[in-house]
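One structure, pasted below without further comment.
The chains carry the letters A, B, C and D, assigned in the order they are written, with residues numbered from 1 in each.
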Amino acid sequence: MSLKASSREIGGVTVIDLDGRITLGDGSALLRDLIHENLDHGRKKLLLNLAGVSYLDSTGLGELVSGYRYAKSQGGELKLLNLSKKVSDLLQITKLYAVFDIHNDETQAVMSF
Amino acid sequence: MSLKASSREIGGVTVIDLDGRITLGDGSALLRDLIHENLDHGRKKLLLNLAGVSYLDSTGLGELVSGYRYAKSQGGELKLLNLSKKVSDLLQITKLYAVFDIHNDETQAVMSF
Amino acid sequence: MSSKPQRVEVVLETLLDSIALAEEVGVRLAEAAGFGEDDQYKIGLAVHEGVMNAFQYGNEQKREKKIHVIFELAHDKMVIHVTDQGTGFRLEDVPDPCKDENMLVDSGRGVLLMKAFMDEFSVLAGQGGGAEVIMAKRYRAPAGSPAM
Amino acid sequence: MSSKPQRVEVVLETLLDSIALAEEVGVRLAEAAGFGEDDQYKIGLAVHEGVMNAFQYGNEQKREKKIHVIFELAHDKMVIHVTDQGTGFRLEDVPDPCKDENMLVDSGRGVLLMKAFMDEFSVLAGQGGGAEVIMAKRYRAPAGSPAM
């Protein structure tokens, strides 16, 4: 079970719905490509919907951080939506919870940009 | 997932519904006990309903044969009902298909005793 | 990108649970090798029977003896070695359970199933004197395509 | 009847798929040891991170190098050894990814997760000079009963 991704536009924000695993060789490269592609095409408000992401390893965490950094460097923003318990725990342990802007409500998340 | 078994009486025949795996350490001992218990209590017409048995190893096959033999030795009979494709293939390969009286219809199976 | 393991070795104790564990690893690797579900099941059952024999006959249920399972994904087939620390056996000495006089004995069907479910099957004397069962299943070439 | 494997050894090639395979065996054995689902996941992820590091840093993705994983079910804990054929590393040299200046680097979180998810974590020099990561998780005693 690898990663599936699809994108939508809402009020100028690009919501990327992710479903599956984000691990080395199984999703992490796809996630990086997606983030870069969007930013390189001028879509600078990115909201990653992680509702369907049940499993993340340190590579996946690293990819989130790297996407966050790249967004900033391009004058954009990357935010997170709908963390599962597991993903939320991983962000807590690694203290990344304090780095990201994290939302549970899509409408509010979109308005926060 | 080990073996579950329950028994019913229909027209003097004891139908034993089996569900799960019959392998060494995972069902084969239970099956033997069940067959012996019934025969030792005078229930001599045994119909094993294998509809729920998805996996059988050579120990399970040996247990069927040994039950068949024990039934005969007690003046009883052991027949088989509702073989899955996998179980049916195993009986074909081992030529046991020709040894057992095998049925697909419960009513007909009960009447065949 | 081919990231299929070419060789996985598993060393197990002589315990009931080792049978299912080896089987699961076998199914997992058969899947990685591209075998369909039916072949995965057959490979799994062959591993199950091979390890069960190592458990029962080879190592005689002595927990501290080891069962050594090697899975190899060769270019044309998956090869499985099951080696125990018993005293070995010869295939010629195994009675044919399909012969009329053996039809009703409880045992003798493990070797038969391994032979039926795999394309190759042989028994050698392992390095330590135990049995080494070697079995292989060829990859199925999808119709009209060259063998993988 | 206790039929839990006490020790399972797995030898893997340096391949992506070996990470998931080792993880699956780890989860399977954690389950056999009686760990609940949450602990099974944590043990699995720790194995994943350990083998991933052996794959990337230790064996530098050189396929022919081996990754050696040993699972031991001791009486009070599950112990896991991951050994590679690299040049080893020292825990003191791993930067703390939670420090402010490291918060935004991509890497350094594998060791952190292994430490967080397991009860014990250490790194030794393996026999061949590579890293040997040793981690352990204690069995949880059900409330009111003696430890298993």
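FYI, contacts are C-beta pairs under 8 Å (C-beta built on N, C-alpha and C of every residue); 3 or more make two chains touch, one makes a residue touch a chain.
This structure is a prediction, so every number in the text was calculated from the model and none was measured.
Chemist: If I superpose subunit C onto subunit D using their CA atoms, what angle of rotation comes out, to the nearest 5 degrees?
Modeler: 180
Chemist: Could you give the separation in Å between the centres of subunit A and subunit D, each centre being the mean of its C-alpha atoms?
Modeler: Going by mean C-alpha positions, subunit A sits 27 Å from subunit D.
Chemist: With centres defined as the mean C-alpha position, give me the subunit A-subunit C separation in Å.
Modeler: 44
Chemist: Check each residue of subunit A and list the ones that touch at least two other chains.
Modeler: 25
Chemist: For subunit C, jot down the residues that touch at least 2 other chains.
Modeler: Residues 3, 16 of subunit C touch two or more partner chains.
Chemist: Could you please write down every pair of chains that are in touch?
Modeler: A-D, B-C, C-D
Chemist: In the complex, go through subunit D and note every residue touching subunit C.
Modeler: For subunit D paired with subunit C, touching residues are 3-13, 15-18, 21, 24-25, 28-29, 32, 63.
Chemist: State the interface residues of subunit D toward subunit A in the complex, per the touch definition above.
Modeler: Listed in rising order, the residues are 16, 19-20, 41, 45, 48-49, 52, 56, 97-98, 103-107, 109-110, 112-113, 116.
Chemist: Quick check: in the complex, which residue numbers of subunit A touch subunit D?
Modeler: 23-26, 57-59, 61-63, 65-66, 68-69, 86, 90, 93-96, 99
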